[in-house]
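Note that subunit A is present in both complexes that follow, paired respectively with subunit B and with subunit C.
Coming up: the complex of A and B.
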């Protein structure tokens, strides 16, 4: 290798590393501004829209001196920008105030209920991806056939049906009439006091502690809400899979693979799906994020003690601290998954890597 | 030569499809005709259109169509009657109100929510996107960053929080949904604007001395309309579902308004025994949002042949 080659190489490497640094910096700016935006909006909702947030906490009939003290304690007498800075500092340190309803700090409550939502959304996404991807592949391969039409209808109905209504009907059919699943809730009352969860993900805990009867009971509780959420992510995932696969199947490398005499199964699953998998990862991540959000309505119907039910309960009791805390947590996770899937896409797809 | 062809009068179809239109009107009608042909070839899209026309008709003539009052029920003699009871085709709810009549009047609320959100959110997104795309530079960067921030938020949860602060009610539900649904329109309008801004006709308008405001308002925005209409139509189903979800949680329309989501919520208590109270409004929501989805798919294929087929 000549001298000039080495110089050019190191120059290129330096350019590449500079580009990588720029990408990381850009990413950090995006994360920071998005999160700041979330805080600004929730601040606006909690502190600016209500005429007097102190009254919102105390009620209309609070005596004057109490109102004054609360205003002082909440920092409401400060200028708005100082209030916002204070709000940001508190939110970033995980302090969302005290829930009026439960009298616990909001963060403690959220830590208690969040695993339930995670468990539900994860199982839902698993169901959606494991069924949705093959369905989408099938629809793309047999384009225009009856199978394609059926997959399309399944997707369309998934996009159009109100989730809480479908949940009610599912309860009516599978719990009340067929008695296949357990009643709303997370675990049977019998086990409520004998079973001590560690992680809060009951399926994992029961498996870990080898409590098979608990595992069965937990499964009977979770399967219906998880299947419903799974159906919604299935509608989205199968539609996107179909469109990605159609795109791949038109490419020339597929023709080349056929000409080489590869089996059709190998071409579809080994070549086309593998290339479609990169954008699919993004789709699945996004559907996971939307399930976290969509669980608000599902949890209400199934009395599932997760973050969604916590938020709606607090809403109904005008417990603004809890509502905003929950919103910020769901928003943060949502933003995090959004950005992460973006990052994942960039690292997984060699074409988008810095050249 | 032109005299020879003019001797035979043109049929209406030929007049529409003429590749040498004599007037602006003819050209416009011709294009509309082509779009309609493409659209109506898609049978499902026509079904969607019919569903929505039906919704509009039902909403307009609710007073004539509804057999009973939507809010005043017969508490004494008609509580929780099953579907098919005499005089109550879809049964009655716990207050003795005819469910069919409530559904018919509820179509007005659904339509109102959809139309209001569309006329609030779509213009906001259009203006933001077109301005960002045309101006470029730091204006573009700032506006799009704000758009992306809003795009990264969870829509339903944010709408919930907004309604919690503003207080329950259908107007506040509309505002909350509109606030959370404009960003995609801004993205679309910006993308369209970027492809347009360097085109010759924009350069020509600029040479004639048109101000940037005029160019954006009169020459860029109209070109963004078709893709925007498609997107808005496709979003309608989601808007209906969000509004129904808010209604279900008791944050949307307040009783005794016959909002479909709220009707499901009130039927929830009787779901095990009187299933129809909650089931019927759900079917109505499903049918209407299905109609919007079908229509949106059809419109996309007809107006935007680039994206169709897949």
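Coming up: the complex of A and C.
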């Protein structure tokens, strides 16, 4: 290798690293502004709702001097801007403080409730994507046929029926009548003390520890809520798949492929879906992210100790530490998943890699 | 291509098979373990398990099953108490000194002996921590400075409690049945004490084990607390060191379930043994099921509508009286609160010393119109009411809106979240409010102190009782409430409370509607499950399974 080659190489490397630094900086700026927005919004919602946060700590029956003392200790008597600064400083130091409702550090609480939501959301999204995408493809290919109509109705029901009602109905049918699934919560009480989870993802833990009866029990508990969440993301994913596929099927390369005599299956699954996959990834990722926020209603009906229930309960009780912690986590999840889908883009679509 | 499709198909069949294997071969009927009681219970109010700090209804049940007290309510006659740790007690002639003799040879769950020192320490920490329930003890003149003198161990088995005024002994003893007087294991707690920096508000150098006891356990009840995971589960285990008759079951598990319909489904399927938060419809359905049973008990909580006296329309005595005639008690009793409450119009719940069990008011539009006309409101007026958006509050509010309308009064309902309406109420910014009041301890003073006591009606207020919140300025009644406390003859004391209740019935801005009943749905094979007259007497140690 000649001298000039090395120089050129390092020059290119430098240029590339400059570009990388710029990308990282850009990313950081986006993240920082997003977080700041998050903080401001949660803070002001927390202060605007007409609930006295001291009430959350003490309950209705506390004597007056205690209420005063608590308000003082929580900094509620400070001017609003000082409260906001205090709130930001706390958040930046990664200390979300102690939840007044559970008395645990907020991070401990979130570590406890988040796996329950992750497990449910992941399974739900898997179900939604694995069924939703083929249904969408089917509807696009057989456009206007009975199959298309059926998929449309399935989607419409998914959009419009309140999840709360559907969840109770599903419980009535699959749990009470058919006894196919288990309820309530994540695991049966008999396993409460024979099974010690490590990751908090019970399916993974049971599999890892080779506790087959636990695995079956956990599966029977999770399958119904996961299917319900799956159904709702399915409704969305299948509609989006259909429209993406219709768009692709009209492209000229499809005509070219047909002219070349490729099999219809190959054209649909190998070419059209491959191209539709790029925007689909975003759709699925966003639906996954929204499930990761925790579905409050599903969690309430199924007595599922997840993030959605935790945050709603905290918000209603003006437990601002917990709300802040939860919001930051959800914000991070959204940012993380967006980043992930960007990365997936690059592997799926060579054009984004070209530059 | 074919190969690829085959691969996909194989994956599909495999996962389908897995799903079948996992889901199939199910037991036909779920059943909880024989030695375990599983209760579906909405306990999202629990914020701490420290008996010196806890003041929530769900915690009261857990504490009373896991900790011991000097005395407990006598469930056969709730105007009396019986000894728990105390073998006997005497009251000095001047009415100031209470001497308790403890039973011999008792142990905490940890194995440490129970002595008068533990009792004294429990009083000391509750008073010094000064959390929400501390006033139940400090109202006897206890403070951080004098508690070690006023509540102390004379010897290993003698505990002496000195009060500042010659109170009615029934009042003192009733207060000692509250969970804040629970006895903690001093030796064990001292091992977990955290040192803190003394401040202006908190003069002590340690936290008396408060942080540890929030989730920890140091008691001697029939059960010990194994674990509490907020909004998930509370697990109790039999205490083998218990000095009394051992609990019949080895374990009690409370599962947090918020939904009435969910509790009903799980009860029917046998996944829980007891459903604790059934709404009227579900409760009725459970009652009709041959495999299940129901039980209920009146609780010390009354529901009322209150009229803020700052509103000049509502401050007229005729209006206050007219509104009491404008509640359709019969309809509410027959539908909205069926199974969860019974009509009750005085402020003391049934079974409490001096409780008045008469309901003089009936729904009478003509009478109400007459009263309103007398006050000068022939055409009625418009008024708002803050209503939390849960049942039965909303239902009763809507019924009241309709019945008020019949007399020409236009009611605007302002719906809100529970904590939100409460915040407004506590600041006296409401016109009308519908709420409930639960007794803090099983003594008539608990309710009298809030319904008929308002020592300072200024906006600053020293004691923000319900009378204060509704700006009901009643110096005479406040004085009488104090007098009742010092009446040492129980029969005479009961008389005073009867008079107070009559005054509230006749003239107060409180339209008291019903007393809450707690209900539970049970599996048919349960034996001995009984709800008590208060939330800290819902004992589970007598429960067994067939």
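Going forward, the second predicted complex is superposed on the first by the 250 of 355 C-alpha atoms of A that agree within 3 Å, B and C clash if a C-alpha of one lies under 4 Å from a C-alpha of the other, contacts with A are read in each partner's own complex, and residues count from 1 in each chain.
FYI, a contact is a pair of C-beta atoms (placed from the backbone, for glycine too) under 8 Å apart; a residue touches a chain by one contact, two chains touch by 3 or more.
The shown structure was predicted, so the numbers you read here are calculated from the model rather than taken from an experiment.
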For this session: Figure out whether A:38 sits in contact with subunit B (first) or subunit C (second), or with both, or with neither.
Result: first
Exercise. Of the two partner chains, subunit B (first) and subunit C (second), which one does A:126 touch, if any: first, second, both, or neither?
Worked result: neither
For this session: With the two complexes superposed on chain A, say which partner A:330 touches: subunit B (first), subunit C (second), both, or neither.
Result: first
Exercise. Which partner does A:265 contact after superposing on A: first (subunit B), second (subunit C), both, neither?
Worked result: second
Exercise. Regarding the shared-chain residue A:74, is it in contact with subunit B (first), subunit C (second), both, or neither?
Worked result: neither
Exercise. When the two structures are overlaid on chain A, which partner does A:101 contact: first (subunit B), second (subunit C), both, or neither?
Worked result: second
Exercise. Between subunit B (first) and subunit C (second), which does A:246 come into contact with in this model arrangement: first, second, both, or neither?
Worked result: first
Exercise. What is the contact status of A:162 with respect to subunit B (first) and subunit C (second): first, second, both, or neither?
Worked result: first
Problem set entry | Contacts of A:171 with subunit B and subunit C, given as first, second, both or neither | both
Problem set entry | Common ground on subunit A, meaning residues reached by subunit C in one complex and by subunit B in the other | 49-50, 168, 171-172, 176, 300-301, 316, 318
Problem set entry | Of subunit B, residues touching subunit A in the complex | 145-146, 148-150, 152-158, 160-162, 164-166, 237-238, 241, 244-245, 248-251, 261, 264, 268, 271-272, 275, 278-279, 281-282, 285-286, 289-290, 292-294, 310
Exercise. Contact residues on subunit A for subunit C in the complex?
Worked result: 49-52, 55-64, 66, 69, 72-73, 100-104, 109, 112, 168, 171-172, 175-176, 179-185, 188-190, 192, 215-216, 219-220, 223, 263, 265-266, 300-303, 305, 309-310, 313, 316-318
Exercise. What does subunit C use to touch subunit A in their complex?
Worked result: 1, 5, 22-23, 26, 28-30, 32-33, 36, 38, 40, 44-45, 47-48, 55-56, 130-132, 135, 201, 214-215, 229-233, 235, 253, 255-259, 261-262, 265-266, 268-269, 271-272, 416-420, 422-424, 426, 440, 461-464
Problem set entry | subunit A residues touching subunit B - in the complex, by the definition given at the top | 30, 33-34, 37-38, 41-42, 45-46, 49-50, 156-157, 159-166, 168-169, 171-172, 176, 243, 246-247, 289-290, 292-294, 296-297, 300-301, 311-312, 315-316, 318, 320, 323-324, 326-327, 330-331, 334-335, 338-339
